[in-house]
Amino acid sequence: MKAPKYSGVATFFGLPSVTDLSQTDIAVVGVPFDLGVTNRAGARHGPREMRNQSTMIRQHHQLLRMTPTDLCRIADAGDCPVQNPYSLEDGHRDIETFYTQLAQADTVPLTAGGDHSITLPIFRAIARERPVGMLHFDAHCDTSDEFGNTRFHHGAPFRIAVEEGLLDPERTVQIGIRGSLGDEDTWKFSHDSGMRVVYMDELLDRGYQAIVAEARELLSGGPVYLSFDVDGLDPAFAPGTGTPEIGGISTVEAQAMLRAARGLDFIGGDLVEVAPPFDVTGTTSLVGASILFDILCLLADAHASRA
Amino acid sequence: MKAPKYSGVATFFGLPSVTDLSQTDIAVVGVPFDLGVTNRAGARHGPREMRNQSTMIRQHHQLLRMTPTDLCRIADAGDCPVQNPYSLEDGHRDIETFYTQLAQADTVPLTAGGDHSITLPIFRAIARERPVGMLHFDAHCDTSDEFGNTRFHHGAPFRIAVEEGLLDPERTVQIGIRGSLGDEDTWKFSHDSGMRVVYMDELLDRGYQAIVAEARELLSGGPVYLSFDVDGLDPAFAPGTGTPEIGGISTVEAQAMLRAARGLDFIGGDLVEVAPPFDVTGTTSLVGASILFDILCLLADAHASRA
Amino acid sequence: MKAPKYSGVATFFGLPSVTDLSQTDIAVVGVPFDLGVTNRAGARHGPREMRNQSTMIRQHHQLLRMTPTDLCRIADAGDCPVQNPYSLEDGHRDIETFYTQLAQADTVPLTAGGDHSITLPIFRAIARERPVGMLHFDAHCDTSDEFGNTRFHHGAPFRIAVEEGLLDPERTVQIGIRGSLGDEDTWKFSHDSGMRVVYMDELLDRGYQAIVAEARELLSGGPVYLSFDVDGLDPAFAPGTGTPEIGGISTVEAQAMLRAARGLDFIGGDLVEVAPPFDVTGTTSLVGASILFDILCLLADAHASRA
Amino acid sequence: MKAPKYSGVATFFGLPSVTDLSQTDIAVVGVPFDLGVTNRAGARHGPREMRNQSTMIRQHHQLLRMTPTDLCRIADAGDCPVQNPYSLEDGHRDIETFYTQLAQADTVPLTAGGDHSITLPIFRAIARERPVGMLHFDAHCDTSDEFGNTRFHHGAPFRIAVEEGLLDPERTVQIGIRGSLGDEDTWKFSHDSGMRVVYMDELLDRGYQAIVAEARELLSGGPVYLSFDVDGLDPAFAPGTGTPEIGGISTVEAQAMLRAARGLDFIGGDLVEVAPPFDVTGTTSLVGASILFDILCLLADAHASRA
Amino acid sequence: MKAPKYSGVATFFGLPSVTDLSQTDIAVVGVPFDLGVTNRAGARHGPREMRNQSTMIRQHHQLLRMTPTDLCRIADAGDCPVQNPYSLEDGHRDIETFYTQLAQADTVPLTAGGDHSITLPIFRAIARERPVGMLHFDAHCDTSDEFGNTRFHHGAPFRIAVEEGLLDPERTVQIGIRGSLGDEDTWKFSHDSGMRVVYMDELLDRGYQAIVAEARELLSGGPVYLSFDVDGLDPAFAPGTGTPEIGGISTVEAQAMLRAARGLDFIGGDLVEVAPPFDVTGTTSLVGASILFDILCLLADAHASRA
Amino acid sequence: MKAPKYSGVATFFGLPSVTDLSQTDIAVVGVPFDLGVTNRAGARHGPREMRNQSTMIRQHHQLLRMTPTDLCRIADAGDCPVQNPYSLEDGHRDIETFYTQLAQADTVPLTAGGDHSITLPIFRAIARERPVGMLHFDAHCDTSDEFGNTRFHHGAPFRIAVEEGLLDPERTVQIGIRGSLGDEDTWKFSHDSGMRVVYMDELLDRGYQAIVAEARELLSGGPVYLSFDVDGLDPAFAPGTGTPEIGGISTVEAQAMLRAARGLDFIGGDLVEVAPPFDVTGTTSLVGASILFDILCLLADAHASRA
């Protein structure tokens, strides 16, 4: 007999809390940090609420026909500590340090953000030795130039990641891009560097199967990081985020694309930009937790394949 | 000149309240009972709020091109009384008693739940003489085994209904199934007993028309009960429910499937699991009331055909 | 360096406020008026909240590949003054007066409503000389007869507009129609007068491309007004409106249809029926502001083409 | 055994619905009308939601030590029909007609509004023969002059009532007045006509007992109407109203004042300006229903005393 | 440097989680159980949300001038397991078993409910050997007779506790009583058994100091349990509860009374009936967590005094 | 005839927008900046929402019997620009620059925050020449030491202000202090430096009149700044703030204290820490706007006295 879903201290998916990573294949980590946002803050509260909602999720993934905890050792590694909550650069340094420990323990990280700027220090920890490919769901390319006298905000991580040799732009697929921009060149870096940018009109007209098939081809043959910005989804599905853009991906399509990506060599993933203060109904945190579970399955499957 | 929609005591669709069923072909009934839930309670408040939202609905169904009150005599029969709000079994007994009276008056029941466990005592009242077929929309098969030392919760009604000879599994179609499970065998009974289980990925990939066509074939030639668990819909459309699962059916698809099912011999129906405390915006109660109206049209059409 | 989106007094899209219209090609105007509703009031608060949410939108439209402020001179002309907030007819007269000034200045109006009754006095101001065609998104045809002893409510504007020779019914396309009606003849005028009525089931089954292609054919060759009632969208996308109907258009489809309509000779547009008191999450105001921006692009493009 | 509070069709306090008033001493009536507001509409939805919340209230008033249904015959008389929802004056005429029927049946009216303008037509029905006194809780005196070219809005009823000889200003006590005004003479009529105006600072500094003692003295010796505008309360207690003013009465004080007013010859009462669209938490409707019950007790007690 | 309040897995007040009670003087325990409610369920979610909000609270109590963790060893003991979530009696048995273990370890329990029925099994565990006194804040006496064919619901615990010899009625003070009742004898048992019942009107008129002074006298000279039903507070302060009653205690008064009760020999306490589904703003969970902290200080102070 | 309150672009109290300060005696300024918070961000959205709610406020203050715009020239000076939204120190520098311009124009500033850290740079601009006294409403003394490796956060401004010679601690009165602290010495600086700290228990027991009388004595004879942190109020009145503490001041008391402080030589004021994302009902923004209006009256009165 299991305890009711609403009972007990909330960890991710009811997983055990660990501090010693040596017996952990995959660590689910919270990064309650949102100093990188340009508009509405709140993603700092994302890990807490996604832990809460994740307790509604059970062990077995019905459509993927997979129980990740049967495939490898998975734990909740707590929240990444951030010493100075007032400095974007200091925060990124703390995150890099924490994920370097995970990398050294050969633990695959699954991250609940936090804003999207945090993927940059994660890359610095796990992609030092060779650039990774990326399957990226988002309304925004996040490859803009500096903003507010800093280059390290949530609209820029992937440009910097390419410049630092951490991300292979030719093995990067960005899906769900749309909305308004300050000028038409805002995401120029994505195109110039060779990323495959899938705008919403292409997704709508060609259908998700064609897009994923192409993505699989581009991404196979090397390690892949999966970065899911919840604002890639339409605000009807995920209203609680800092920079919503209408006309986005539905959860049905997103989950189908994730399932279709099974088999790629995923070595890490994140779900970012869930901002509970803007999520009156709690729906976005539930969506975040559910997609984290989808990603966890992909990571577990890939980890088991590598073993 | 009609009264404004927001005025007056709220009955279902503004129908007259009746206690004498002898002049009533179809009775809309509330069952404010949710002791069967395994997670979040609240469906006890469903009938009240669906009555409230249903007053926004007018008599004529535009896409079905039908005015149900022109086809038969329809009334709001109030809420099913429950003597002991603390016992699942006692509650089910009270529901069975109430629906037996409806059955004896030859009145077709359309039920606003309450949790999904209530469909079992309804079946006990109306399917005593021969098993019925079922068109079932839901995120969950609701055919699991015992939970919390009882077999009668909202995750089990259809297994018990088959075991008691009330439901014909080979004439049962379950649409919208998805989400996580305690283990991979949770819904094994559905498959083993011969139910047709349509997972969300199949619905997405084959399209609603193919699914309904197949369902019509399986369900024709006998009486059909229509059970609609509002969590079959995606939480974007119906957030206010006890066990939400992302990646579900849209209201557009659901309503199209209901319209396409016209002509089957429907002998009863329900809309369950609307939980107003989790429905901050009132959207789910409106969805529940609207789909109740769709089902009412199907029941009225079938009743008229039988006359 | 731009100011953060949340800073400063909120005008539409951060545009300059003007009172002198002589240097303005397109004026964005608020009409905070909702005396025409038959059910839930609240659209009077629409302009304020859409101004608020519109500050999240930037200058360049990414999928339309267009920066409207590069094409023509655009400004926020404030809210249309209404002298008597207690009389529907007086209010319509005030609106007509204000838009007549816009028409005399050759300024194209883009209106944030307000309920749908306001489109009638706008037509009286801008379509005096020749009837206009209309691309109309809505759950309701808005061509019913009198209600509550008045003909001027939000369910009737387009019938009166045809009768007054302002709107050409044979160049009118209504998309998204659905829901329940008081009787089957409620929208009879649309059919009898020759409007093209696209019900939701047709949109679902034929796909948006086919619908827009047909609409383009009907609407080309003359001036077109674009009227977007936010209740044309499904309540999952736009819950905050006075007369929601489930089973509606998604924002993805709506925006794709708007993009596909580019090239028609748009001479005005509106987005109406956003009712903030029913929009707990703010989503509907964001949707309203975003679609206003889509329409602004179409107006700017058409204006530039005419120049 | 009683039915659970959340079950059944919602009437005021679970009272029987009546249309024949001949056996009814006190009728609870809804007036879903709010065309008189100058700012935020929504009180049209007040009766529906107060009916809903009132089902949480039981028969016996614990602090007043009274069971009103033991003292006289009380029923829910439904909502006052309004023929033209677009005209303030027509609406007032319909209300007057309905209450005249109540007056002719010698039925004491307890009204759930609706906006405060409705008290004027109620007075026209019940105070024709002699002016009444009034115990009035409100943030506003509601004795202003014309607004928006009409005199009949929710800021004016009591000035007109005095001018028409329906209300005795020297037997009128207004409690809770505060907030900002268009100019310092807005409520001049109250002072000039001899009403006793109790501003919030006086209530705070002298205490509720002193205020009620004085009110009892002024109001005894003749019939008294009790009019309670929910915005007399602080928005912490009653946020869901059209014209909230901070710094108001607490529910504890308000209820104590009502209890202390027992014994006056109350011949009618109302609770107005509950606007559910602004009442996200439902608190204001609960407050409205609870204070309606307090007033019902006062009316029943006075009615029994007169018998 | 401390971690930000929003970071990390949420335990009560950030206390360590323990399962071994031997080193724990005071255990904070969640009891996510609400089968005892007669109206709105939801208190099952109370422990989770109070843990969440409690992380905003720091170690030192400023007005009590006390740091409880300096006085004794305090831990979060998790949630009490409940085997059968469908049976009120079975649930109470599980709770009694769990608290018996606490009692055997000489650990003082501080409980976050759950509905008020849970205090009965707690008493069965900790008051077996001698009846305890009780300082009780509540809108309801909770001493009614059977309801719905069971005696064990949330309106009855203290009657049964007296009958079982667990609670000394003459050393019981109930503060904040008000609202409507099914009949005037509902709380008769309180009066007949000798409990001191302080109705809201007495609290308002005599002031909190007089009430607490009297309570101290009655309660001194023996062990005291502190039971705080959050509905004792006015719904303005604590809307998120199952049976709200307007006209209640303010948090300022409640906290002043708690501070004034310092020095009594408290041997346990609880805060019950926080129902997060009805707490849209989160305020009630914050209030619950804050008052739990006040009670924790009283328990720690009393424990230190006994040492 | 005035425009309805909900119409038009929202400026503070409907005041004219100005950029030239030379004709402005008092400027209402927004500072949408919240990088100083230690817990929940969101005050960056405060100015926008307080502008919105402030349009419900009229010109004349009824209890103060004063029309501030009759006394001096008042305008909305827009939002203080902040160049780098990622650096606390840079932001403070920008704020200081902006307010220095106000000081040089001899314009009295009334500020809508933003978090409380912004009062420090305001002091640097306006108190350079001589230290000011302060009437300070808050739950927190805001005189703590460094946090997160920085001294400039929202818990420290007044300690630094004293150290920099901008604030006279012996002419500083802090009212409403309460809640939990990291340790008992957190606010030690307030006591050691000679500030008068009024804890909530003192306010409750002595009453507001005694407190203000004492404050008037301490603060007379020199310039006074009025700083109102909305968390000084109880969360029932102002839930939408970053660091709520229960058991606080009511709006009735707060406004009475402000009125009683009339006559002091106020030379500036602010209302800070309104965090709209946590203000689901909009109540806190309304409270913020209303108290800004109270402060505006005090500033206008003092300015007129000095003239």
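Letters A, B, C, D, E and F mark the chains in the order given here, with residues in each chain numbered from 1 onward.
Assume a contact is a pair of C-beta atoms (placed from the backbone, for glycine too) under 8 Å apart; a residue touches a chain by one contact, two chains touch by 3 or more.
Since this is a predicted model, take the numbers as computed values, not measurements.
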item: Required minimum of steps from chain B to chain D, each step between chains that touch; value: 1
item: Labels of chains that are neighbours to chain D and to chain E; value: B, F
item: Result of counting contacting C-beta pairs for A-E and A-B, higher pair; value: A-B
item: Recurring contact interface, reference B-D, options B-C, D-E or A-E [over half identical by residue number]; value: A-E
item: Inter-centroid spacing, chain D versus chain C (mean Cα positions, whole Å); value: 40
item: Between chain C and chain A, distance of the C-alpha-averaged centres to the nearest whole Å; value: 37
item: Contacts with 2+ other chains: residues of chain D; value: 1, 4, 6, 38, 40, 44-45, 83, 85, 148-149, 234, 236, 250, 278, 280-281
item: Touch-based graph of the chains, sorted into line, ring, star, complete or other; value: other
item: Inter-chain touch pairs (all); value: A-B, A-C, A-E, A-F, B-C, B-D, B-E, C-D, C-F, D-E, D-F, E-F
item: For the chain F and chain C complex, residues of the former touching the latter; value: 1, 3-4, 6-11, 17, 30, 32, 44-45, 47-48, 51-52, 76, 78-79, 81-83, 85, 280
item: In the complex, chain A residues that touch chain C; value: 38-40, 147-149, 177-184, 186, 199-201, 204, 234-236, 239, 243-248, 250, 278, 280-281
item: Chain D contact footprint on chain F (complex, rising order); value: 1-2, 4-6, 56-63, 65, 67, 209, 234, 236-237, 250-256, 259, 280-283, 286-287, 290-291, 293
item: In the complex, chain B residues that touch chain E; value: 34-36, 38, 40-42, 44-45, 83-88, 90, 148-150, 152-153, 277-278, 280
